[in-house]
Every structure is written in structure tokens, then in C-alpha cells.
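Here come two complexes built around chain A, the first alongside chain B, the second alongside chain C.
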Partner chain A sequence: MSEFLNLLAAGLTSGAIYGIFGACLAVWFRVCNVLNLAVGDFAMFGAIGTAWLVQTAGLPFIVGIIVVLVGVGLTAWLFDWVVLHTAFDRGAGAHGIVSVFFYTFGLSLILEGVARAMFGTNVYGAPSIWSGPALHVLDFHVQRAGVLVIGLAIVSGLILWAYLRFTVSGRAASACGESVLGSRIVGIDSAKFRRRIFIMTAVLAALFGVVESPITGYTYMSGPTLSLIGVVAAGFAAFRKPGRAVAAGLVIGVAEAMLGGYVSTSYNDVLLYAILFAIIIFRPEVLGLGPEPA
Partner chain B sequence: MTEPAATDRGTISGPAADSSAGLAGGPSGAHRVRLRDPVPHGAGLFIAVAGSLVLVIMDGSYLGLTVTTGVAYAVVTVGMVLQLGYSRQLAFSQSVFMGVGAYGTGVLETKYGFSSLESLLAVIALAAVAALLVGAVVTRAPGLALALATLILPLFIYQLATFSSWLGSFSGIDGVAPFWTGSDYTATLVQTGIISVVLLGIAAGIVLRVMRSGIGFQLMAMAEDERLAESIGVSLRQRRLEVFVLGSVLAAVGGAVLASAQGIVTPDVLSETSEITLLLMVFVAGRKSVAGVIIGAIVIEYLATSTSFISTNLGIIEGIALLVILLVEPDGVAGAISRLLGRRTDQWAGSLRSWTAARLGTRGQGA
Partner chain C sequence: MPLGPVALEVEGVSVSYGKFIAVESVTLSVGVGECVAVIGPNGHGKSSMVTALAGLVRRGGVVRVFGQPLPAGSPGAAVRAGLVLVPERRHLYPELTTRDNIMLGSYSRTRRISARSAWEDVSGVLDMFPELARLLDQKAGTLSGGQQQMVALARAMAARPRVLLLDEPCLGLAEAVARRVYDWLGEMTKTDMTILLVEENPVHALLVADRAVRMYKGLVEQPGVASHE
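Then we have the complex of A and B:
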């Protein structure tokens, strides 16, 4: 029983990581039909930037977090203003399936390159927000940072779900993803929603990087892997349902931990991805995906 | 939907050709038009001859090795022109099949004593069967599910390679023989490079041949509008599978070339970084241009391995270049050059319209 509970704790922690990135991807895709492949890089900047500002530049921890989050928000705004506004509001450049992946893919490459130039190739971890020994409840052991990660993922997923489902603003944002022209006809500023949610998810990812980095540590190359895992979690939520993406991430994380604990520690990821692959191929209706946007 | 008659598939010799000529001329006339198209053979021959000359001039230098490695990537990207550029098939499995080719070559040569030619042929057959099996299921997946499925594929294949002692774990397989062993290192490098560019020439010829045939127009129609393509008799599932298999086999050949040129296979070839590099080579150079992606693959490989400021900051440069190209010229550097040279960049769309109009029996209305 003790082993099961500890595997569950580890699985929920890693699942929360998958889930939060899935949620960030899903909510923005729902608004503008574009996958944010730079979401992992924003988390990487949050983690490494805060660690660098605190440990090297000597800033207080809270100031370091604020500086990094503001910097990430400004970067996201600048990218939207220069690239996304030009592409989607002015109608320039590539559209269709290329735009789904490759604008944010370009941003990911730039952020990775800048991080390498600024911080080098070292592993960084921000100071722990909630320091202290691991928590013990019966046979259940979990790190404090892990509790924060799981909590942040669940709260973020719930807030995003509630925002899209119960608020007028959320419904307007969803309408932009259904039809840009239709939403504009009824007076919805699709560009505004795209920009706001892009900045919001970038800042959320960066904050998550700060919270999570004491557990895993980050290098300048951590971003693409996190984004890819987020894409997988978002894929199991039809790329449009942030609450379900968090749930999918948690299930994937727990499955990964259980496979590692009870089947094979070496091949747990192989088995997990093979199972996910089989589900996509043989039960695509589980994903709820239709044809890609034209 | 019924499949178009086999004789109809090759009625158009190229994108700029008058589609009505083939149809009016009937199957035999169409066959003559198809056989006369000199571009695929000429392009393949030019690549093989010019590439060989360049490698001979480089005389086994480090630059020559870089070019040969770039040629390996170019074989893959030529297939990606058909998959991603021409058919807009959103599959991200090229690095996996490149790994199939590289690891297949390594295993067959070092563990089973195959010669280079035998291992190359075996790898082509293996990749074709694997692509057929994988493609038969992944090409059924709708829209973004195909992208998602092929994104997951490299994740677990990479993990599998790194944990498998049979595949050499993280250190991979060493001691892969070059395609053509010479009297010394320099001669071996040059001769292996020549075989590589010959394979590239064949790959380019095949892809151009498909692009300039009736099948190429069917693929283009699918890329523009699948319902339109289906309404004019294109078998979507069959064409998707064929494109997937051809692209995957070429990726495996590229992997075999890479293994032969470098003499070692590591899990890096299967990683997401490898897939990212391939995508950049295609999108920056021009996803619809065979010549563009060949030059792009070699140039990007050179930049990635040079020790200058560029190689250090390659990520930033590639990212900015990708964004500028997507915003200014979505057809990449090749598209920009075509525009500068005054060629009509919409000639494919015009050809597609005339071909579709001919298929619908409303010749002259859609052009």
C-alpha cells in the first residue's frame, strides 16, 4: 500500500506538470487555433531567470519572480504585436496548418537560443517557495514543491474551465476560435482575446516553471520537451478543454509512475507512449478531434 | 469514391503543362507526354554529376564530410517536400524513419555481416514494410490526430533506443562501414559521398516524377481541399498512405546515408531535435522546392557544425529566419528567389485549377 501511495504521489506530481502545459496549450488553441509550442520555453525562462536573478544577481526571491514574470509577459506581448498581429490581423504570411505549429515553433527556437546565450548550459533550479522536509500523511510521502505543483495545476485547470464555461468573456474567447469572422461581426475583438490569453498562459507557464524547478531543474533545452508533453496532454482534451487537459495530464502521469513501479523502470515511458499512440490511432474519437483548421 | 483510371494518372507532364492536351490525346498520347518529361531524369542526373564533382573537388576535407552529412538530410527533406510541402500531410515521423535507416544499417552490418549494398536494400524493404504498417493506421487518424500520433512516435522510439543494449543504448552502434571503401580515408570519404549524391539524385528524380504526374495533381488537390479532391475521384486514403510510405522510405535512405558517412549511429538521430532540424531545413529553404530543400539541408548542416558565431547562436538565427520567412514569403527562400526572378509563384494553383476543371469536364471554366 505504501509503495502504491508513493507512486501515486510521484505520478500526480509529474502528471500535474503535463496537465498545466496541456491546459495552457488548450485554452489558447481554443481561442485562435494555434498551438503554443513555446509554452515550455516560457516555463524554462521563468525557472532559469528567477534562479539567475536570485543566485547570481542577488535580488530578493519575490522581486526575482516579479521581474521574470513581467519580462515573460512583455516578451509574449511583443511576439503577438510583431508576429501574430501581422499574420492573423493583417492577413500576411503563412496560414492554414502551417500557422498552427510554426509561428510559435520559431519563437521557441529564439527563446532557447537567447537562454543559452544568457545563462549558458548549466542546470538551474529556483529556490523553493515552500521549503522544508517532505510531507507525510500515513504512508503518503510528497515533497512540498510537489504539493504546490499539483495544487497550482488543479486550481489553474479549474479557473480556466470556469472562465471558458461560465463567463461572457470566456464564451466570447471561445467564439473567436470557432469563427474569427463571425465573432468580429458580433463585435468581439478576436485579436484582443488572442493577445490576452497568450500573455496570460505565458506568465502562468513561467510561474509554474518557478514553482516546479526545485524538483527537476531546468536547462536552456528543457522547453521543447515540456511543450511536447503539453501537446500530448492537450491532444487528449481535443486541444480545446483546459480542465480536461489537466485531468488527462494527471492520468498520464499516474499511469507513467505505475508502469515504472510495477512493470519496468526502464521502459515505463516507452510503454506509456505506446499506449497513448495506440489510443490515438485506434480510438481517435476519445480525443474528440476533427479535421484540422483550414 | 472510385479511383481514377491508371491511364489518367500520368496525363500531365508538369505543373505548367496544358492539362487538356493529355486528356484530349487519350491514354496513348498521355503516355507519350509523360515519357517525354525530361525534368525528373535531368534533375536527378544533374544532382548526381554536379554533387560528385563538388565532392571530388573538396577531396575528402572536413567540408566534404559536412556536405555528405547534409546530403543525408537532403534525402530526407526531399521526401518531406512531397509530404509536408506538396501534400500538406502533417506527419512528424521522419526522424523515426531516419532512425530506422540508420539503426537498420548499423545492426545489419555490425551484427549480421551485411555489405553496404545489402544493408541499404534491406533497409529500404524494412522501411517500406514498417511505413506501410504504421501508415495504414496513422493515416486513418483525422486531422490533428495524425500530427499528434506522429509526434508521440519519436518520443517512445527514442526512449526505446536509449534503453536497448542491443541498439547500443546511449552510445549507439559504432563501426558502420562506408558505402564505398577506398584506398585511404580521403578516397573513402569522396567515394561514399559520390554514392550519397547518386542516391540523392534518385530520390529527387522520384519525387519530381510524382509531383509532375497526375498523382502529383491529385495530391495538390487533396492539400487544397480534400472534399474537392474526393469529388473528382481521388482516393484520399490510398494517396495519403502512398505519400507516407514514400516519404518514410526516403527518410530511411537518408538515415542509411548518414550512418555510412559518419560510421556511427546514436539515438540523437531519433530525437525531437533531429525532427526540428529537418523541419527547419524544409520550411526555411522552401517546403515546395526540391532544389531549395537540398541546398537548405546542406547549408543548415554546414552552419550547425561550423565553429563560428553562427553555430553558437544558430537557434536564434533559425528562429528569426523561420518567422521572417513565414511572414514575408511562406514558400521559403526558394519562393523568394522565384519571385525575384519574376516567375509566377501561383503557377501550381493555376495548373491545379485547369487540371480540376478538366477532370470535371468543365474545361476552361475554372482556369
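Then we have the complex of A and C:
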């Protein structure tokens, strides 16, 4: 029983990481049909930036977090203004799927290079927001940072789900991804939604990096890995449902932990992708990927 | 020219795509409650003109709605002034439900409230389109062409337009469905709704229009008065 509960705790923690990045990817993809492949790099900057400001520059922890989150928000705004606004709102550049892929992939490479130049190749971890020994409930042992990670993922998923489901603004955000012209004719500013949600998910990812980094530690190369697991979790949510991405991430994390604990860790990735491919091919409606409407 | 008060004034409106001039200094007035048809062959600037009036493409010239000048290139300002477009090919949100598609027509005035309250605000449009009531929870992309056109009209009516711009409302629809659209338009012309109707088919247009103008090579060519016969 003890082994099962501890695997469950580990699985929920790693699943929360899948889920939060999946949610960030899904909500922005829903608005503008572009995958943000730099979302993991924003988390990396949140973690390493805060650690550096606190441990090297000597800023108070809360000030370090605020400075980093503001910096990440401004970076996201600048990228939107320079690249996305020029490409999408002013009609410049190419708009094919490969070209659009390179917009955020390029941002990821730039952020990685800047992080290496600024912080070097060391492993960083921000101070823990909720420090202290691991929590013990019966045979259930979980680190305090893990509790925060799971909590942040669930709360973020619930807020994004409620925003999209219950507010006019959330429906308008979805409409932007469905038809830019159709949204503009009713007065929806699709560029504003794209910009706001890009900045919001960048800041959320950075905050998640701050909260999560005491567990795993981050280097300048951590971003692409996080973005990739986010893409997988978002895939389980049809790239459009952030609430479902968090739920899917948690399930995937627990399944991986159980498989690793009771069978072998060698099969984790095989299982993950096998399930995803099987669903896409045989039951696409589970992911909301039905046939194209006539 | 309209005899009574003017709802829509278009003065010297031009639209260019690079070096190609799609609309050349068009001047046009539509009176309150009047239905004016813009007819002419495809590719001669009719759609460019109405999309420019709705703020969707850059334009030169002046557009006024009930005397209020509209900024160019601002669809939000056009909607807030009461100028609402039903575009060619509808441009619905296929993965959203019929209910959401209609509700978002009211976005400019309901954006800060809950979706439930917004729907209560606009659900009265179902009185005009009762057949949509049973389709409210169906995704718009799964509806037939005629049903989608009804949703597009309902979405426009949810915006509470004072001037309605209709761009080829029957394009791609079967004749029987097109008749139903024009029956609805005929009902609208009995209200104080001002309508500017772009239509390639003059037979359709003259069923409901009070008068018609013809666009040819980007110019408004000749005014005429419809007989309704």
C-alpha cells in the first residue's frame, strides 16, 4: 500500500508538469492555431531567473519572483509585437504551418541562447515557496513543492476551463481560432486575444517553473523537453481543451509512475505514445478530433 | 438618393489591393428603413465595398452611420455604431454550437457578462428563426448550408443592427432555401431596418430591394428603382 501511494504521489507531481504545459499550449492553440513551442523556455527563465536573482544578486525571494514574471511578460509582449503582430495582423511573411511552427521554435532557440549567455550551464533551483520536510499522511509521502505543483496545475486547469465555458470572453477567444474574419465582424479583436493569452500562458509557465524547480532543477536546456511533454498532454486534449489537458496530464503521470514502479521505467514513453497514436487512429472522437465537417 | 432621413452615407470610398483598385470613389446613400441592392457581376468590387464599410479592409473616403463618421479599418467601431455585416460564405465558428454562434453576435455589448446572461439577452432572435431552437446545442459546422445561413443572419440580428449589410446571402444555397432567406429579408424590409444588399442575381435582389445600383469595374454605374413586380 505504501509503495502504491508513493508512486501515486510521484505520478501526480510529474503528471501536473505534463498538465500545466499542456494547458498553456492548448489554450493558446485554441485562440490562434499556433503551438507555443517556447512555453517550456518561459518556465526555464522563471526558474533560473528567480534562482539567480535571489542566490546571486541577493534580491528578496518575492521581489525576485515579481521581477522575473514581469520580465517574462514583457518578453512575450515584445515577441507578439515584433513577430506575431507583423506576421498575422499586418499580413507580412508566410502563414503556412511550417512557417508558423518556426515562429515559436525560433523564440525557443533564442531564449535558450540568452539563458546560456546569462546564466551558464549550471543547474538552478529557485528557493522553495513552501519549505519544510515532506508531508506524511498515513503512508502517503509528498514533498511540499509537489503539493504546490499539483495544486497550481489543478487550479490553473479549472480557471481556464471555467473561463472558456462560462464567459462570453472565453467563447470569443475560441471564436478567434475558428474564424478570424468571423470573429472580427462581430467586433472581437482577435489580435488582442492572441496577445493577452500568449502573455498569460508565458507568465503562468514561468510561475510554474519557480514552483517546480526545487524538485527537478533547471538548466538552460530544460525548455524544449518541457514544451514537448506539453505538446503530448495537449494532444490528449485535442490541442484545444486546457482543463482536459491537466486531467490527461495527471492520468498520464500516474500511469507512467505505476508502470515504472511495477514493471519498468523503460516502457514509459512507449506506452505514452502508443496510447496517443491508438486513440488518434481508432477513437479520434475521444480527443474531439472528429471528421472534418462538410 | 433617399427621400427621407439618411441611415448610411458613403462618400468617395475606395479600396485597393496593392496596385489593383477594387473600389473607386463610390458615393452612395441609404435612407432609414430602405433596402438598396448592389448588383453586378462577380469581381467588380461589390464585396470589397461592403467589407470596407464594415471595417474589415483598409479604405479611403468617408462612411457615416446615422451621421456618425466611422473610423476606417475598425470592425468593432462599425458594430458599435450599428453597422453589421453578414459576410459571403457566412464565416461561422464551426466547432462552436449554434447557441454560441448566435450569442457572439452580441459580443460588443455583452463581453463582460456571463455566457448565460448574454444568451438571455439575445435569445429573442429565435422568434425570427424558430427552426434554430432545436439546433442550439449542435455544432455549427455540422449544419446544412441553409441552416448555417440562418445562424449567420441570427448572429447578425443578435448585434441589434441599425444598418444590415448582406453579402451574397444565397451564394451556394438551393433555390428553395434561397427563397426562404428572401422571405425573411422581405419581412425585414417591412420594419425600420436599413439594408444594403450585395447580390449577383438581380432577380433575387429585386424581390426585396426598394432600389438598386450596379457596380462595374469598381464604380457605381447607374441608379435604378425596383418595381417589386
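By definition in this document, the second predicted complex is superposed on the first by the 265 of 294 C-alpha atoms of A that agree within 3 Å, B and C clash if a C-alpha of one lies under 4 Å from a C-alpha of the other, contacts with A are read in each partner's own complex, and residues count from 1 in each chain.
Assume a contact is a pair of C-beta atoms (placed from the backbone, for glycine too) under 8 Å apart; a residue touches a chain by one contact, two chains touch by 3 or more.
Remember, it's a predicted structure, so these values are computed and weren't measured experimentally.
Visitor: Tell me which touches more residues of chain A here: chain C or chain B.
Guide: Tallying touched residues of chain A, the top partner is B.
Visitor: Is A:A117 touching anything from chain B or chain C once the two structures are fitted on A? First, second, both or neither.
Guide: It touches chain B, and chain C stays clear.
Visitor: Which partner does A:L109 reach: the first (chain B), the second (chain C), both, or neither?
Guide: first
Visitor: Go through the superposed model and pick first if A:M200 touches only chain B, second if only chain C, both, or neither.
Guide: In the superposition, A:M200 touches no partner, neither chain B nor chain C.
Visitor: With the two structures laid over each other on chain A, which partner does A:V168 touch: chain B (first), chain C (second), both, or neither?
Guide: A:V168 contacts chain C only, not chain B.
Visitor: Just to be sure I read the superposition right, which of the two partners does A:F239 touch: chain B = first, chain C = second, or both, or neither?
Guide: In the superposition, A:F239 touches chain B alone.
Visitor: Contact-wise, after the overlay, does A:S179 reach chain B, chain C, both or neither (first, second, both, neither)?
Guide: A:S179: touches chain C, not chain B.
Visitor: Can you list the residues on chain A that touch chain B in the complex?
Guide: 83, 86-87, 92-94, 96-103, 105-114, 116-117, 224-225, 228, 231-232, 235, 239, 266-267, 269-270, 272-274, 276-277, 280-282, 284, 287, 289-292
Visitor: Can you name the residues of chain B that touch chain A in the complex?
Guide: Its residues touching chain A are 88, 90, 137-138, 140-145, 147-149, 151-153, 155-156, 159-160, 163, 226, 272-273, 276, 279-280, 283, 312-320, 322-323, 326-328, 330.
Visitor: What does chain A use to touch chain C in their complex?
Guide: 165-172, 174-175, 178-179, 181-189, 240, 293-294
Visitor: Show me the residue ranges of chain C that touch chain A in the complex, using the header's touch definition.
Guide: Touch list, chain C to chain A: 54, 56, 75-76, 78-80, 84-85, 87, 90-96, 100, 103-108, 110-116, 118, 139, 141-142, 155, 159.
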